[in-house]
Amino acid sequence: MDAILLQILNGLDKGSAYALIALGLTLIFGTLGVVNFAHGALFMIGAFCAVTLQRLLSLSHQVEVPGQVDFLGNPLMADVPYVTDWFGEATGNAIIDWSVPLAILLTIPVMLLVGYVMERGLIKHFYKRPHADQILVTFGLAIVLQEIVKYYYGANPIQTPAPEALSGVAQVLPGVVYPIWRIVYFCFAALIISGVFAFLQFTTFGMVVRAGMADRETVGLLGIDIDKRFTFMFGLAAAVAGLAGVMYGPINAPNYHMGMDFLVLSFVVVVVGGMGSLPGAVLAGFLLGILESFASTTWATTTLPGINQIIIYLVAIIILLTRPRGLMGRKGVMED
Amino acid sequence: MLGLNKKDTNLLLVVLALTMLAPFILNPFPTDSGLAQFNAGYPDLMQRFAIFGIFAIGFNILFGLTGYLSFGHAAFLGVGSYSAVWMFKLLSMNILPAIILSVIIAGLFALVIGYVSLRRSGIYFSILTLAFAQMSFALAYSVLTPVTNGETGLQLTLSDPRILGSSAAADGSIPVTNLFGLEMRSAWDMAVGPWTFTFSAGYYFCAIVLLVAFYLSIRIFRSPFGMMLRAIKSNQTRLNYTGLNPKPYTLAAFVISGMYAGLAGGLMAAMDPLAGAERMQWTASGEVVLMTILGGAGTLIGPVLGAGMIKYFENILSKINESVLHGWFAFMPDGLEDFFVAIVYPFVGKGWHLTLGILFMLVVIFLPGGLVEGGQRIGAAFRRKGKKAGGAEAEAAKQQPGE
Amino acid sequence: MGILEVKGVNKRFGGLQALGDVNLSVEENTVHAIIGPNGAGKSTLLNCLVGKLIPDSGSVSFAGQSVLGRTPHEINQMGISRVFQTPEIFGDLTVYENTMIPCFARRDGTFKLNAIGSVGSQTDIRDQAMAMLEDVNMADKADVHAASLSRGDKRRLEMAMCLAQEPKMLLLDEPTAGMARADTNNTIDLLREIKEKRDITIAIIEHDMHVVFSLAERITVLAQGTPLVEDTPENIKGHPKVQEAYLGGHG
Amino acid sequence: MSTSRFTRRGVLKTGAVAGAGLALPTMFTSRANAYVNEPTGDTVTLGFNVPQSGPYADEGADELRAFELAVEHLNGEGDGGMLNTFSSKALKGNGILGKKVAYVTGDTQTKSDAARASAKSMIEKDGAVMISGGSSSGVAVAVQGLCQEAGVIFMAGLTHSNDTTGKDKKANGFRHFFDAYMSGAALAPVLKNEYGSDRRAYHLTADYTWGWTQQESIQASTEALGWETVENVLTPLAATDFSSYIAPVLNSGADVLVLNHYGGNMVNSLTNAVQFGLRDKQVNGKNFEIVVPLYSELMAKGAGENIKGILGSCNWQWSLQDEGTKAFVKSFGTKYGFPPSQAAHTCYVQTILYADAVERAGTFEPCAVVAALEGDGSSLEGVDSASNAGLVFDGLGNGPTLYRSADHQCFKDVLVTKGKENPTSEFDLLEVVEVTPVDQVWYEPDHPMFAGGDLGQCNNGA
């Protein structure tokens, strides 16, 4: 019983990441009709916002440690971060300790800006181009972005630990413990998802965008400048991906190709959810996350060896064959 | 000639000349010069050009004509390779039966996957093919290791039974792949002044297969079947209400392009008898998509150009290291030399992906029709300049409009 | 016995009775119009005829054979050609190629893997297609990409494509919807010409009375999924039930 | 700056015709050269094939640094590094056999296909006589097979699978790095000392060949000490989040978790395991422990805090105090500013060993080099076995070492290491807990985990 509960929690947690990425991807698909292969790279950039902030906060000057030598026999130098000089040892270290949550503040403007630049500078010119061209240009962009990150940060994963207070495990039920940060991640994802839905549901802006998703031309005819709103939507989608990335850092150490690792999965999630459907994307994210978790159990892998390797794809095939447009897809979106 | 019209015949002749003379064309720099780094005329890479050219030509029959974007075509290439290597292990080192079997097996595999996937269209189709290919890859890498030898890749051993032929050669090594005795790895070298040109049996075999594949693809493009496929891309509703059933047409295109992929996979194994699971990964499927779009989807020559471009970058650029750069810029004063090396360095060697990414973006931004459009523009520019004869490539490319 | 026989067809969508006990008989070589106000079930009926929808009950037969359960391309091969509200043509292909495809469909059936011979060597098909284009005065546009044609030419091309199959029956779905009066008249003339030149049955679904009364020999009036009357145009004009259906209730 | 030029195979071969005349075609397979890529100019080209893209790019970069350093030392530049401490004095710092050493590099992408393509271009285009490098067993086995067919020498880089010198061993291939069996044999006694003999182990294993041989080895050697294996769960290579594999460990009754993962897989699975509080857990009245049988400095760096106190095994560590290590760390550190990784060390040593063998053989001919590397049948002290014969050398950082002629595997002491609790610098991540002597990690060439292969005949490619 506990095992099942744990796997559900794991599934929700994996699902949170899938759902957040798929949500952004669907916003771009649904609103702009663009196949964005660079979406995984946005997720990765988000995670590296945390790395960058952590590095900035840890910027140090070197102090000689008396009586010790380094590997070459020179006097050993210890790094002393400037923040501890400025704010004192305790406060300084606390700031560094909380660098991941603090990075959220950095991520939002950075990602909005990245999204804005990307849309205005590049994607805008590809709305009317075939999907094949969109794939090529966004894939090229994804490679460029990740190579830039690799150039500056290397290929090795870089740990971005959760704050001391939020690491470790919490008692969920008697006898069941679960990592605190993973619970935080799930809540954070739920918050972001409901935020996006509320925004689209209850604001005039969101209403126009939803109308635009349904029928872009008509909304255009109403004299509403839908383009500007779509630019903002792109920024929003980038921000959602970035936030998903920045908070993911403590779960798995960021590396430059983490975006590519998620890219294919998130496309599967979006399509299984159904093209153009935001609730579908979220639902599919959680569904596939939970199924993946259960397929990893010993019971599943002994019954069907290798099931954990293919579960997501197998489920995707079954769903697409039984429900032609995925779980909640709209007719005519990306069907040709 | 050969049932082609004049334009297509010219195109075929140009491709014939390019493939047959490739050892010269691809080795323009003297062997001892610093620029020899850019020479691509060595057997392995020339074979790869031809093999991936075949792969992309086949993919283009599906994607370029019908518009169905398969994201799992690498699976057929992988299956083809595995079948060929198994043929080498069990039957004989002659490449002909191996390649025939890989085409057949890949075709059957494509028939099954295509039959299921083609029940959906658009992105739903793409994801179905992706899912099948990823499943094949994941299983080949792990659970199916007895058949595929997993991570290491299926390779020949000294204990292979090999019904027609011996387990080991006379000198105790593993026998090499051959075509009725002609070893695929044999090669002739020709030294002309400072240049050396290598003529490899394997490459010429691949080149001939490429020519046949290319010729068949022209025939398919110009056939009523090809016209139906373009009609499918254009308007399936109309096709349905014109009394034509799109399903068997798309399925046939899918199987044909799967067989092309199997042929490429079989050739790959014939040139180098090892089949790795990574051949089936989504990145490999994505690569052929990129090759086709980069070259120009729906054009005859485009996919071949795209394949050549990507393989060239992968194999040539990745080998340029810092000391090679210092070699190039050695004529400059030290400070300037270091400066140029520092500028170029991020784009070569371990940074070759970056250059490839930038290239993708530049091509798609400035040449929406892919490299073929670039060729057309150059051709047009040449014609404006007092109707000078354009380069062969541009000439070849300009045959293409209207596809 | 008409060429197209619809007997007791019912179709429900959830709680909505879209078609209720529809009976219809179209005589060979006549122009038969089906009219009715919006929501009368015209499109549903049409979709039942071409195989896009399957009726819940009843039968539809064409030239003595049931069409039920057949797919659109099979029904087309039986001899029903459909013209769409907005012209459906192969935009990426040339006008000539557009016209050749139905010729192939007529000769080779629903599928033939003719992958090696070139289109250029199919002389019979090329001649047929060219003759058809000359017939509709579009031979000069043979090499134009169909997508760049004017709306009127697209309609003309679509008709040519349908006729190239030499169908027994032409099924038109509001062919003049959204057209200006002049274009509408052109279409009427085109249809008249077609009718004069060959033996063909035309079924036309329309709500534009002008078109209907210019062309039709028989008219069926559909209202709320049920045929009200079927008669000649003269008798339909001023028929009280028709006015009731169109104007909704009696004044 | 020095220019490195490449002698391309056969530039001046077989009386090549000068000027513009056409040469008579000579069959590749029957040409006048005695062996493939015979260096005829005044340089000799080595091929360094390392991962430059993909997750192991940093490890590849470190290997490349070591190669460059080795080439420098061979050519008599720099401080000579381990050439000064190496027991064989054949190398004189004037290149190899008087020919200046040049090198070419390539990207394996950690894919067997790409690695083979890259190696092929080095052999066919650049005329390399030896290929080295790599950071995974799949690549090593694939490239080793290629070198065997082509007739050049393969000096494996980082490869840890039993298969490399087991069922996939080749006459033209040599491995200096240790293997999974040795990891198990070296770790087991330390595990017993530290954690006792009554332990229940839960294995998570990467679902591919290396993972399996690693798991098999560890399970065998721990069970021999009395440990019980609760469960072995295979995880997909592509997995990034291991939570669903870690969670079942919590209530499995196991008190040790063995992570048979490498690279990114290992960093993630270890991070996840620590997240789930496994390190602070008490089971069966004992502290729960995590073991990572193979890790590297880069992985330790990637794992950050999580590596602290985790036991594992290494081929070599820069903090060793023998003369060879000190010399190598000094020249590497002086040139690059940080200490070398074990991958760098093994690549450096392999290059030196190859050069030494050529020098002793007096020719680049592969079969002669193989013979030189197989040695004179001398044996390692302290091991009583008929197969204890081959090339014995010292001074390259691991103490006395045997290149065993029966399977081309190196035998030397194996290090058991632990993540340092209080690192003094960012490089100071691992401490050596125990140097397991070679006789404890010894196995016979026909050991079941290595059986099934055949070295075959050396191949000159001619």
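Order of writing sets the labels: A, B, C and D. Residues in every chain begin at 1.
By our rule, contacts are C-beta pairs under 8 Å (C-beta built on N, C-alpha and C of every residue); 3 or more make two chains touch, one makes a residue touch a chain.
This is a predicted model, so every value here is computed, not measured.
When every chain is reduced to the mean of its CA atoms, the largest separation from chain C belongs to D. Note on chain placement: the centre of chain B and the centre of chain C lie 47 Å apart, centres being C-alpha means.
Between the Cα centres of chain C and chain D there is a gap of 75 Å. Taking each chain's centre as the mean of its C-alpha atoms, chain A lies 34 Å from chain B. In chain A, the residues that reach two or more other chains under the touch definition are 309.
Residue positions 57, 207, 234, 236, 238 of chain D are each in touch with at least two other chains. Residues of chain C in contact with at least two other chains: none. All chain pairs that count as touching, in label order, are A-B, A-D, B-C, B-D. Residues 2-3, 6-7, 9-11, 13-14, 17, 65, 68, 70-72, 76-78, 150, 154-159, 161, 167-169, 177-179, 181-182, 251-253, 255, 257-258, 261-262, 292-294, 296-298, 301, 308-309 of chain A touch chain D in their complex. Listed in rising order, the residues of chain B touching chain D in the complex are 31-32, 34, 36, 39, 42-45, 48, 138, 141-143, 145, 149-153, 155-159, 168, 171-174, 176, 183, 185-194, 196, 198-200, 272, 274, 276, 278-279, 314-315, 318-319, 321, 323-324, 326-327, 330, 334, 337, 349-350, 352-353. Partner chain A is touched in their complex by these residues of chain B: 63, 67, 69, 116, 119-124, 127-128, 130-132, 134-135, 138-139, 141-143, 236, 282, 286, 289-290, 293-294, 297, 346, 351, 353-354, 356-361, 363-365, 368. Within the complex formed with chain A, the chain D residues making contact are 54-58, 207, 231, 233-236, 238, 240-241, 243-245, 247-248, 250-251, 264, 267-268, 271-272, 275-277, 280, 298, 301-306, 318-319, 329-330, 333-334, 339, 424-425, 427-428.
Remark: chain A residues 35, 122, 125, 129, 131-133, 135-137, 139-144, 147-148, 151, 264, 267-268, 271-272, 275, 305-306, 309-310, 313-314, 316-317, 320-321, 324-326, 334-336 touch chain B in the complex.
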